[in-house]
Structures are given as structure tokens and as C-alpha cells.
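Letters A, B and C mark the chains as written, and numbering starts fresh at 1 in each.
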Amino acid sequence: MNRKFHDSLAGLVREKRPIVHCITNYVTAGDVANIILACGGSPIMADQPEEASEISALSDCLLLNIGTPKETTKDAMIKAGLEANRRNHAVIFDPVGIGASRYRTEMALSLLKEVRAAVIRGNASELRVLLKELTGKNGKSRNSSDSSARGVDASFSDEIREDTLEALKETARALSAATGAVAVMTGAIDIVASGKEAWLIRNGCPQMARITGSGCMLDGIIAAYAASAGPASSQHAVFQAAALATAAAGLCGERAAKKAETFQAGTGSFRCCFIDEVSLFNDSTLKGGINIEVS
Amino acid sequence: MNRKFHDSLAGLVREKRPIVHCITNYVTAGDVANIILACGGSPIMADQPEEASEISALSDCLLLNIGTPKETTKDAMIKAGLEANRRNHAVIFDPVGIGASRYRTEMALSLLKEVRAAVIRGNASELRVLLKELTGKNGKSRNSSDSSARGVDASFSDEIREDTLEALKETARALSAATGAVAVMTGAIDIVASGKEAWLIRNGCPQMARITGSGCMLDGIIAAYAASAGPASSQHAVFQAAALATAAAGLCGERAAKKAETFQAGTGSFRCCFIDEVSLFNDSTLKGGINIEVS
Amino acid sequence: MNRKFHDSLAGLVREKRPIVHCITNYVTAGDVANIILACGGSPIMADQPEEASEISALSDCLLLNIGTPKETTKDAMIKAGLEANRRNHAVIFDPVGIGASRYRTEMALSLLKEVRAAVIRGNASELRVLLKELTGKNGKSRNSSDSSARGVDASFSDEIREDTLEALKETARALSAATGAVAVMTGAIDIVASGKEAWLIRNGCPQMARITGSGCMLDGIIAAYAASAGPASSQHAVFQAAALATAAAGLCGERAAKKAETFQAGTGSFRCCFIDEVSLFNDSTLKGGINIEVS
């Protein structure tokens, strides 16, 4: 990993204050806005087709999340996405619940047909469905049982564990190769993959799966980091930014869990503590705790 | 009350992890998702007609809440509701603000015409308006002043107090008889009624009326509990699940209030503490504190 | 300032429990509902044109916020606004992100053409854009660089600092003169202006700019205070209510920051603490700490 980059990106985000244009779901929109502010960016939520290009143009990157799609979502996402592509802004795409309905699957596919994503983030089930839809392949080395997602969560056979790791790394790499985007597959272990390499991130804690919006919030951090790292066309910079953002979020989760434990807190307080940690961390916090396995 | 059921339902929910399909308002959607996760379920928010049936089919129960209705809400709710009925999944219906506008009233009525609800939850004003609209009756034994709701809150004459209890029990019973659903009427005292019986729940605390979404969050807990208790067609199981969920939420409110008091907290922290307690409670917590009066 | 008014408004809000009809964005809708409850009001979120007039009629004031506009927003806002005007209810208007897109600018202008706002609240960039659009003027005494907003945040040249204060007071006064509304311009220092006078409020803390919804929440407090102070036609009462609400929110921010500091909290906990303080404050809290400079 680029040492200099690694050592200063968290600070750079706070200095640059990138504007993140979000077209996201209404369930976690407030959390996403708060986490973008916490890590140093400036969020603007705007999901109407009438203003999508203009808002994208004044922003530094674009976050697209199909968590609660509606009639106008596809149109707004494509308009904003084309503008972001034109300006070489990173587009972060989160295919929430793809596979749960044909409607979501088709929205994701039409979007990726028109817009070049710099990062695609999802759980293993989501990314596997997306790969299959795009290529007809179901990921290599998968066992035969074609498990589907459990709603918006990964199915058991898609949990990222030591015994599923190799197959899922292959899926992430294949998705990156098929789309040109960095693939971020999150779970108990996180995988950040380009067509060539796949890094493992062993940060995070089980509590993150017990609050809504962990993934959506990570999308926001990745967006702010990618916007600060360089233009979308530099896959190398985007890759490192995505890996660092994912590790940073995981580390903040660990620290939040430790803090929440000291006062016997549950998931409500954990969520506050997580946002706290993201707002407090800096490059030296990161240096102490991130666990990225370059492979 | 079925002792065995009572003793193990909280644990059963965490074991089964039922998927709760939510078509709900955007104000408290995040809180509802978080509380469903906290009590052991898995939420999926999806309110577009195009995907409503499919999402309902892959879920274990359905939560319909008209807190912020929009053009597509009725259509999505009916599609999801019919699918849930076909599969014998419990449908939890919350007629938020019914009576505040003709639009909401008509949405509630068309919905109940097409979809069979297993549970209807609301405050006393909401349930009284609903009963009147369905039957032309205004509840028995009401005094003559036909008070209406104050926005989304119950009017004074509809507060559930010792002196209004008998009349409101009758309203809840009548609503259950008219719809076939278990009626859950919440306030300072909660009433859970079938056509034949009405139980009183004396858990809860005043702080719950000072945060938004207490009712919506209870809907989510009832949904997860009902899905774990059995098929929607077993009114006995649904009734007990609704009663237990209501008591559990009230007890978590009490515990949260006590905790929040120790650090002179206000309503912002109370809300976190409430979600904390829901994420922490289990069958033995429940055994110690629920106060259900079977009548 | 009217001493008696000043001494009792916080208590009056809790006594009257005004219903605040909110047509607001989905990002901070939950926070706005919670803060209205915390300060003593009763929120009702309802943004469909079909029910806008009816809900406005049963409410005590109206809050319009264009943070996430959609197809039906303008229609709903105008219907609700006309009803509120007819009933002499205060209309609080927040032109979030005006200038960021032509769509928002036009929505704000058509709204103000039809509806009489009692209070317009925004940051300096937003209010300056609005004034320019309404009058063709760009505020007096501005330096030549016509800086625009950074997304939904004020640009650097529009930060309210000692060296920009006089020019921005003039902008606020001019906006009030042009619209008949009290102008509330918020930033590091807040300005509350009528056509004749401009008060400065030196409460608040930097953390408020690091969470989403500080402005939207202030809108909610202003709405509840204005509804309790008197009819919308009494600009004197509305002015004092807006000033007091702004100072109260700022003071609660200070107190929250102090509390959050004691446990090394970040922005997630600060947000909870802020809502806590709003739910706890009363007239004597206010007396001790508000810093209003009458000019």
C-alpha cells in the first residue's frame, strides 16, 4: 500500500471537505448524512431527476443506493451518474437488496449499462447476484446450492468466513473485471478487489450487523475518501481509498463496541458511539489499528 | 396465558430471525428497522408496487403503516397484503393519523376491504375513528362529546385512564370483532383485544410519548413476534404474541427510563436507551417485569 | 425585548402543545419530529397534496422545508400554505439548498409568490440567493466576488463573522422587507431581522455544523414557539419568538457540547445530547444563558 497515502488520507478528507451527492434510501439517509459529516465530507441529498445533473456537477462524488427505489430513482441516478462520469467524479454504487425483486435487479442493471461505477459495495449475496446477472456466471468455485439472499442480508452460504473466503474473493475479482469498478464485499471479513488483486480487511465487529445502515454509512465514507484521493479514472487511488475507508469504518466499529461495553449498552448506543468514533478518528488512530491483508 | 409460549418467545424471535417487510413512513423508518434488528428480526423496507408482492413473498410477515402516505402507497400495500394473506403471514396494520384527513381514512378503509389484518395497532382516537368508519358505531358507552384526535395523538377524552378504560376496552373488542384482527390500543395503559377478551398491559413510561416512533417501533416488535409465534390464521398465537410484544416494549421503556435517569438524560438519550433495552432483553428479563392483566 | 414574553415562552409552548404541520425532507424528518416533541410541540408530518389543506387546518402552524423536494412537494406546500395563511397560522419556510439547482430556486420562488411566510430561515448563502432572486439585488455592501453556496452549506465568504456581519445584517433586513417575513440567518453568529431591526444571537457551538439537521431542527423549534406566541399577523410576536427559539437552540447546543465533552463524545452523542437539552430546558435555563444583542 502506498505509505504516504495511507498515512494522510483521513486528514485530507477533513481538509478538502468533499461534497458527496447522495441518491439514497430514506431509511438511513440521516445516518449517511451524519457519517459523511463525521468523516469530514459535506453531504447533499437530492434525488429528483430535475436537479440530478446540476447537483452532481457542483459535488465532488456521487453515491447511488437503491435501498428504497421509487418511480423517479432510475432516471435521477442515470442523470447524476452521467454528469459524474463526465467530470471524472467517483460513483459509488450500492445494489441494496438486488435479487430480492426483479425491480431492483433491473434498476441495477440499467444503471450499470449507462453509468461507470468507480466502486460497487454490497454483501456477498448482493455482489454474487449482480455478477451472475451481468455475466451469466455465478462466481467460480461456488458449491452447487444456489442460495439467494435473505431479504437485504447475505444468506448463510454467502457469509464471508475462512471456508468461503477463496470463492468469494474470486467473485469480487470477477465483478471488478466485469464492471471496471473496485468491488467492496462486506461481511465478517471484508474483501476489496480489483480485477487483479483482492485485499482482506479484518476490522469490524458483530454489532455492526445489528444496526441498520452499516453498509450505507460505509458507502458514504468510501465516497468521501475516494473523492479526496484523486479522480475516478485512477483505479489505483480509488482502490486504496476504498480499502482504507472500509478498514477505518471497521476500526471505528471495534472502538465503538469497546466503548459501548463499558456502560453495558445495546445497539442504540452502539450506533451513536460508531458515529462518535468516525467523527473523532484521524490518521494516527488509523495507523494503530487497521488490519489490511494485501494479497 | 400459555406458559411455555410466554417463557420462550423472545428467544424464539432471535433464533428464527423473521424477515419483516415494512411499508412504513419515512419519519421513523430508521427507528423501525433498528428496533426490528434489536428484537431479533430482519427488516426489509420496500414500498414500490412493482416489487411489493415479491418482497412480501420472501418475508415472514408484513407491516403496513400509513404515517406518510403517498400516491403509490395504497397500491403497494394492497399488493403486498394480498400476497401475505395468500401465504398466511401476519399483517400488522397501523392507521397512523386516521381521521386527521379524509385521504388517510379512505386509504385505511380500502386497505382493510382487500387485506386481512392479523393485528391493528393505534392509539384510542385512531382505533375509535376506524371502528366508527367501519361500522357506523362510535364505540359503546362513550360520552356524547365526539372528540377527534389531536393530529397524530389521542385526544384527552381518548386517553386510556382508569375512568375511560371500560369504554375503550369495549371499543377495542368491537374493532376486533368487526375486522377479525387483534386490536392493540396503546396509551398510558395498553389494551390488547380479540372479539372475546381484552387484556390490559400496565408497562411503559411517560417518556415514550415524548419521542416520535414509539408506536411505529412497537408495530415492528409485534410483527417480529407474530411471525415467530405461528401462522396468521392462529388468532390465539397472534393475540399472545401481540400482548407479549406490547408488554416487552413497555418494560424496555421502563428500564430505559430508569437508566436515562441515572445520567439526567432527556428524550434524545432515552430513545437510544430504549433501543438498547430492546436489543438486550430476553425471556428472563421479561419474566421479571411484565404486567399483563388477563381479563 | 418584551420581558414577560421572554420569561415565559418556553413554558407556554409546553402548556399549549402546538401542533406543527411539517412538509419537510426525509433526511432529518425524524430529528425534526423529535425536537418538536422535545420542546413541547406535537409534530404531524404530511406531505401529500390530497391531505395538505386538511392537516394544515387542524394544526397550529406550518413548517415548509425543501431539503428533498419531489414532484408533489410544491403543490402540497402551496395548498397547506394557503390554508395556514387563511387561518393566520405562522408559516416557517426553509429554502434548503436554494441556488444549488434551478429546481429548488423555482420551487422557493413559486411558493413565496402564493404563500405568505412568517419566518424564513437559512444560512447566509441561501438567504442571499433568495434575496437576489426576489429583488435582483445581491444584498448591499457585498464584495464583488459572487460566491455561491457549497452544496447546502454557506460559502466561506458567506460565513457570519465579525467582518461580514454588517453586510449580512443588511441582507437579512432586506429579505425581510422584500417578503414581510422575519428573516433568521444562522451561522456562527445568528441574525434575526425584520425590515427595521436586526438582532444578533451569540449562542451556539461549532458541533452544530457537524451534524445534519441543526437548521431543520431549529425550524421546528421556531415553528412551535411562533405558534405559541400569537397569530402570524403579529410580526412583533413572531420576531420575538423566532429570536428566543434561535437563542434557546444555540444555548442547548452549548450545554450539549459541554456534556458531550465530559465523556469524550463525538458527533453521534452530541446529537443525542442536543435533543436531551431541548427536552430539559425551561424558562429559567434560558434566563441564565441566552445572549441576544438587540440592535
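Just so we're on the same page, contacts are C-beta pairs under 8 Å (C-beta built on N, C-alpha and C of every residue); 3 or more make two chains touch, one makes a residue touch a chain.
Because the structure is predicted, anything quoted here is derived from the model rather than measured.
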| Residue-number overlap at the chain B/chain C interface, same or different (half cut) | different
| query | To bring chain A onto chain B by a C-alpha fit, how many degrees must it turn, rounded to the nearest 5? | reply | 120
| field | Euclidean distance of C-alpha centroids - chain B vs chain C, Å | value | 34
| Among the residues of chain B, which are close enough to touch at least two other chains? | 26, 30, 271-272
| said: Quick check on the complex: what are the chain A residues that touch chain B? | reply: 25-28, 30-31, 67-71, 97, 100-104, 150-153, 210-213, 264-269, 271-272
| Of chain A, residues touching chain C in the complex | 17, 19, 26, 29-30, 33-34, 37-38, 42-48, 50-51, 54-55, 58-59, 72, 271-280
